[in-house]
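One chain, subunit A, appears in both complexes that follow, with subunit B as partner in the first and subunit C in the second.
Our next item is the complex of A and B:
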C-alpha cells in the first residue's frame, strides 16, 4: 500500500517534470522559499541550540524576571485576543444582522487600521488618554496611567480587530438563512436562535479570530515600545537584547521561547479550526439573512459600535490634526514645520527608499503568492503541503524573529566552493546597501496573504476551464497567464494591496536590517516618537497613509477595475 | 494585456528604484552619529557641502553604537563615530574598536577634553541635570529636585523617567555620577574604601549605586532607549522629572516647551559628558574619516550645534558659546573618571539589565 502510494507520487512528480517550464518554476519557488524563509529560521534555531545558547534556556526560564515577561506576553495575547474578537464580532454582527444607518461608514472606519503605520495609534492614544491627555486630563481631569496592560489592550485591539471583523463578517454572510427560518418555524425566539444556531456555527470563526489576534499581539513590537511602561513583553525584550546588548545568541533563545506559543497557535488555527469548521465557503446562501429588530438589542449594539467608531475617528483625527500643530497635546498653534521637516529634510530619503522598496516587493510577493497557490491547488507533487506551510511561516513567525534569522544567516556571503551563491545581504556592506534583504523580508511577509487569497479564489474555479485550455494546446504557462490569472485577478489585486500596505507599515521585521544607505519610514517614525517629537511622527504617518492610498488607486488602475461580483469576492477576504 | 500592465508596473518600479537607489560613488563617508538627529543632519550636510564627499549617517544611541561596531568589527559599516559620552569611546578603545588618530587640529582642544593616548577627542561638553514639568510638580506638591535623593520622594512614584544604561550614554553617565558620589562618601568616612589605588571607584561604591537605582526603580515610569527621550515625556506631562543632559532640556524649551519645563541640578554634584569622536578601526573610508575628524574640531564646525538648538558647550575655545548653554562653573561637577567608567561599562550595564531594568516595580 505504502509502496503503491509512493510510486503514485513519483508518477505525479514525473508528470510535472514533463513540462520543463513547470518544473523550473516549481524548483524556483522551492529554492526561493528555502533560502528566504526556511534557512533564516533554521539558522536561528541552530544558534539557540548552540553550546552558548542551550544553557540560556534554563537561565531564562528559571529566572523570575523572565517568567514575568513570559507571563505578561501570554496575558497580553489572551486579553487582546478576547477584546479584539469581541469588537470584531460586534462590528460584523451590526453589519450583517441589524438594520441600522451608517453601515457603509462603519465598514470603512473598521478598515482604517489596516493601512495605519505602527506607533501612530499608540502615540495618539497617549496624547488623548495619557496622564496629561487631552481627554483623560482635559475633560475628565484624571491623570490616567495608560502605560501598561490596559493601554496596550486598547491600542492593540483597535489596531488588530479588523482581522476578526472581516473574518467573522464573511462567515456570518455565508450562514444559510434557511437555518434561522427553520428554527423560527420550530418556535425558537431570536435569542434562542442566536445562542443555539448562530453562535455554534460561528464558533470556529470566533476561535480562529482569537488565535490570529493572539499571534499578532505576541508579535507586536511598536506598541509595547511606546506605551509598555514597566509591562515588558518578549518582543521588546528581544529588541533590547539585540539593539542594546547585540547579543544575538540570547535574542535567538528568547525568540524560540516566543516562537513556541506563536507557532502552536498557528498550527491549531490552521489544522484544527479548519477541520471543525461547518460553514461552507463555496455554498451560496439562499435568501437574505434575517435581521434582529428588538430595539434594545438593535440600538444598544449600534450605540456601542458607533462609540468605538468615534474613538477610531478621534485617534486618526488626532494624528492628522497633530501633524499641523506645534507640539500635539501641549501647544496647539498651527504650523507646517513638521511637514517641512519630513518632506525637505531627512524624511525625503526615507519616503523615497521605503516607497521604492515596497513597490519592488509588491509585484514579486503577489506573483510568488499566486504561483505557489496555483501549484498547491492545481498540481499534485511530493512536498506540496510542505511548500504551502513553509511559505505561511513567513507571516506565522513574529517579525523580530525573521529579522534575527536574517542577521544570523546573511551577515556573510553563502559560498559553494568559490562560487558566491548568495552575497552578504545585511548591514551597510550588504548587497545594494542592505536594500535586498529588506525587499526579501517585505516579500516573505506579504506573500502568505497572496497565497491564501489565491488559494481561496482558485478552489472556487472549476479546474475543467484550465483543462480545456490545456487540451486545446496551450501550455501551462500560457494557461496560467491567459486563463487562471485573469480569473483570480481580484485575489491577485487584494494580494498586491495587502503586500504594499504591509511593506510600508512593517517595523518589527526590518528594524534590525536598516542601514545608512536605506532609510525606512517606520524606523524614522520610531526615532521621532522616542524623542517625543510627536508632530514629526504624525506628519510621517499622514504622508505614509497618503502614499498607501495613492498606491492602492494605482494598483486598481493597473490591475483593472472591479466588477460587482469581484468586489463581493474581495470583500470577503 | 496583462503582460503589458505588468510591464508598465515593472517600469514604474524600476524608475522608483533609480530615484531611491543609494549612491555608490568613491567619495563617500558613513558617520555613526550619536547626538540628536537634526544635529547629525546639519553636520553631515555642512561637511558634504564643504568637501564634496557624499556623507551618510546613522543615528544610534551610544550603547547601540558600541554594540553595532562590536558586531561588525571584522567589516565595519562606519568610518567615523561622532558624539556621545566619552566613556563609550573608552570602552571601544579598550576593545580595539577605534584607532588612534593624531589630528593636526587636536592642539586647539584643551587637554582635559581629549584622550591622552589619542583614541578620541572631545567635540562638545554637557552637564547632566533634572528636567521637570512645572505643572506636574505643582500638582504633586513637590519642588523641582535639587539632589539625587529628591528623586526618591514617594510622591514621585511613577513620575520619573530615565533611559536604559545599556542603550544610552546619558543614562550611563547618570549611573556613574551616582557611583562617584558614593565613592566620595565612602572615602570621606574611611580613606581607601571609596577609591582603589588606581583612583577607580571601589566595588562597594558600585554596589551602593545599585542600591540607589533599585530604590529609584519604584519611581521610574519607563526606561527609554534614547537618552534624551525622557525630556519630551516630561514636556508632554506624562512624567514630572526626567534625568537628562541639561542641553537636551534647553533644546526642548526652545522647541515649544518654554514655560513648561525647568532645569535643575543636584547640589551634591552632577556628572558631565565629553562628547567624543573617533576613527573606527579598519575604517572603509579612512581618508574621508580623517578629513571629517579634522573638520569637526574646527570652531566653524562646532558653531553648527546652536543653529539646530543643540546647545552643548563647544570644546574648541574659538567656537562661539551660546548664552543659553550651561555654565559649568556655576554648578557642582563630580570628578568624573572616564577611564574607569569606560572599563566598567559592560559589567554595569549587564548587571543593571539583569537586576533593575527588568524588575517590575512594587
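Our next item is the complex of A and C:
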C-alpha cells in the first residue's frame, strides 16, 4: 500500500515534469535549498562528528563551566519565553478585548522592536539603567549592575515580544465571538469565559509563542554579547570559540549542543502545536468580539501596557538622543560627529554594502519564499515536505550555526571533476569579497518567513481560482504571474519587508562571514559598542532604522501599487 | 441529437487516492467507461463521495487517472495538462478572479490565446450581453450578487467556445429561487449553442431538468445510464430508485414469470401483469411504487391502511400510512380536488398499475 501511495506521488512528480518550466523551477529550488541550507548544516554536523570533534562532546558536557553555560542558556530561553509571551499576551489582550484609548499608538510602539538593530536596545538600556545609568543612578541614585540575567531578560523580552503579540493578536481576533456569546448565554460570567473558553482556545498560540521566543532567545548573540557580563550562554561561547580561539571544530560541537533544544522546539512547533490548534484563522470574524468593561481589569491592564510602551519609547528616545550627544550618559552636549563618522567616515562603506546586499537579497528571498510556498501548497510531489522542512531550517537553526556551516562548507570551492560548481564563498578571497556568502545567508534567513506568510495566504485562496485559470488555457507560469502572485501580494509584501528588515539587522549569521572588503553595519555597531563608543553605535542604529523605514515605503510603493486592472476598476466606479 | 458522433470517451478509468490517515488507497473512481456524444448534455449524478466530481476533474485534467484512457474526438488526451485541453470548467464556487473586473475575468482566457484586442473586446461584450451583464463589466466580482457571479463564471467559460463545457455543481451555492432561474438559463443557453456539456450534481431535480442523459454513480461506479425518464421510471437498481425521487419499496412480493418479458405479481390485494426488465429467476421480487403512484380512496373493497401522518404542503399532501407492519409514503397531488384525510383515519389504498416497476431482490 505504501508502495502504491509512493507510485502515486511519483506519478504526480511526472505530471510536474510534463510542464518543463515547472520542472525547472522545482529543480532550481531544490538545488538552491540543498546548496545554501542543507549542505552547510551537513558540513557542520560532519565536523562535529569527526575524530577531533566527537571526544569534545564528552569533554564539554562533563565540564562544569560548560554545564553552567548550557544551564544559563536554557534558563535565559525559558525566562525570556515566559516574560515575552506574557507581555505579548497583554498587548494583544488590550488590543482585542478592551475598550481603551491610544490603541493605534500602542500597536505601532509594539512593532518598533522588529526593525531595531541588535545592540540598540541593550546599549540604550545600559545608558538608562546601568551602573551609571541616567535613570538608575541619575534619578534613584543606585549603581545597578544590569549585566546578567536580569538585564538580558529586560532587553530580550522587549526585543522579541512583538512576535508573541502579533501571533496571539491574530488568534484572539480569529476567536469566534459566537463562542463567548454561547458561554454567556449558558450563564458564564466574563472571568469564567476567559478561564474556560478564551484561554483554552489560545493555549496552542501561547505555547507556540513561548517556543518561538525560547528559540529566539537561545539563538540571540547580540544581546548576550553586550549585556551578558559574566552570564555566558552557548551562542556567545560559540562566538568566542571562533573569534578568540579559531577553533572551528569546538564551535561546531557547541553548535550541535545548541542545535538540540532549538531543533526540538522547532519540531514540537511544527508537528504538535499545529495539530492541537483549534482556532482556525478564516479572516472572517462572525461578529464583533465582546469587550471587557470591568474598570479594574480595563484600566489595570491598560496601565501596565502603557508603562511598557513608556519604556520602549524611552529606550528608542535614548537611541535617537544618544546619537546627537558627545558621550551618551556622560556628556550631553549636542554634536553631529557620530553621524559624520557613519555617513562620511568608516561607516559609509558599511552602510552602502549592507544596504546593497540587503536590497539584493530581499527580492530573491521574497520570490523564493513565494515560489516554494506555491509548490508546497499547490503541487503534490515526492519530497514536498522535505523541501518545506529544509527551507524552514534556514531560520529554525540559530544564526551562528549557519555562519559556522558556511565557513566549513564554502571555505574552498566545490568541484565536480574540473568544473567549479560553487566557488569559494567565504573570507576575503571568496566570491565578490565574501559578499555572495552574505547575500545567501540573508536570503536563507528571510526566505522561511516569506514561505510561511505565502503558505498561509495560499491556503486562504481557493485552489479552484487557479484551476479556473488553467481551465481557461493559461499555463502554470501565467497562472502564477497573473493570478496567484497578485492574490498573495500582501503576503509577498510582508515577506519582502521582513526580508529587508531582517537582513539589515541580522548579526549572528553573518558575524563570521564579514570580510575587510565587505563591511556590515551590525558588525560595525558591535565594534563601536565593544569599544564604548555608544554615540557612534546609536548613530548607526538611527541610520539603519531610517534605511529600513525608507525601504518599507519604497516596497509599499512598488509592490503595494495597484495593478493596471485594479486602476481601471477604480476609475470605472 | 442528429449526429451521434462521440466527442469524449472514457475507457476503464480508475482513480485511486491515498487513504486518509492509513497507508491504503481508496478507489474514488472505479473502472468507469463512458461515451459522451457531440452536443449532448450529460449529467453525472450521485451522492457526495460517489466519484462524480473526481470523474469531472479527471476529464478536465486536474487529476491524472491511475488507470485508463481519456479520448477527445478520438485523440488520447490522458497525459495532457488542463490548459492544453479544449474544455472550460464552471466551478461550484464560481472561482472568479477577485482582483479582476468582470470584463477582465471574461477576457482572461481569450488573452491567453493571444487573440487580437478588438476581437477579444467583441467576443467579451457579446458574451456579457448574452447573460445580460453588459452594463456591469467594470464591477469587481465581490460587487456582484451570487447569481451575477454565477453568470460571469458561465460567460467566462462560454466565451472560450470549448469543445466541452464542464460544470461542477454550479448552482449549489445559490438560494432555491435563483437556482431554478439559473437552471433554466443554463438549459436555454446550452440548447441554443449546442455545446457538449458534462454536468455534475447531487440534485436529481436539476439533473432531470437539464440532461439529455443522466449517469447515476455510486461508490465510484456507474449504476445506470439513461434519459431522465428512463432513470426515473425504470431504475435498474434499488440505489437508483432510492436516489432519484422518493420511493416505496415493497419487498418479497411473490412473482411468476409469464414469458414475453412479463411477470405476474400480487400487490396490495391485487394480481396483475407487469413488464419485467431484468433476468428473473427468484420467486419473489421487490416492487417500486413512487408515492405519486399510490392513491387513497374511501372504498371498503380496497386494502385498508391507517394514516399515521398527514402533512399539507400546498400543492400536495404527503401521507405516511401503515399497512401490514410497514409504512408507505403517499403523495396526493392538488388537495383541492380531493379531501385531506386526518391522522388516525382508515382509508383504502390503490395504485396506478402502469407505475409498478419491478426490481431484483
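Here are some notes:
Keep in mind that, in the parts below, the second predicted complex is superposed on the first by the 559 of 573 C-alpha atoms of A that agree within 3 Å, B and C clash if a C-alpha of one lies under 4 Å from a C-alpha of the other, contacts with A are read in each partner's own complex, and residues count from 1 in each chain.
We take it that a contact is a pair of C-beta atoms (placed from the backbone, for glycine too) under 8 Å apart; a residue touches a chain by one contact, two chains touch by 3 or more.
In this text, all values refer to a predicted model and were calculated from it rather than measured experimentally.
When both complexes are overlaid on chain A, the residue A:19 reaches subunit C alone and has no touch with subunit B. After overlaying the two complexes on the shared chain, residue contacts for A:473 are found with subunit C alone; subunit B is out of touch. Contacts of A:77 after superposition on the shared chain: neither subunit B nor subunit C is touched. In the superposition on chain A, contact of A:486 is made with both subunit B and subunit C.
In the superposition on chain A, A:465 makes contact with subunit C only, not with subunit B. Look at A:403: by the touch rule set out above, it reaches neither subunit B nor subunit C. Contacts of A:222 after superposition on the shared chain: neither subunit B nor subunit C is touched.
With both complexes superposed, B is the one of subunit B and subunit C in contact with more subunit A residues.
Contacts of subunit A with subunit B, set against its contacts with subunit C after fitting on chain A, overlap at residues 486. The touching residues of subunit B, when paired with subunit A in their complex, are 2-3, 5-6, 8-10, 12-13, 16-17, 19-22, 24, 30, 36-38, 41, 56-59, 63-64, 67-68, 70-72, 75, 77-78, 136, 139, 158, 164, 166-167, 220-222, 224-226, 228-229, 231-233, 235-239, 252, 255-257, 260, 284, 349-350, 353-354, 358-361. Residue ranges of subunit A in contact with subunit C, taken from their complex: 1-2, 4-5, 8, 11-12, 15, 18-19, 462, 464-465, 467-475, 478, 482-483, 486-487, 563, 565-566, 568-569, 572-573.
Within the complex formed with subunit B, the subunit A residues making contact are 65-66, 68-69, 126-127, 130-132, 137, 143, 145, 147, 225, 228-230, 232, 237, 240, 243-246, 248, 326-327, 329-331, 345-346, 352-353, 355-357, 359-360, 363, 427-429, 432-433, 435, 481, 485-486, 515-518, 527, 530-534, 554, 558-560.
Against subunit A, in their complex, subunit C makes its touches with residues 16-19, 22-25, 60-62, 64, 66, 79, 81-83, 87-89, 91-93, 95-101, 104, 108-109, 112-113, 138-140, 153, 156-157, 160, 166.
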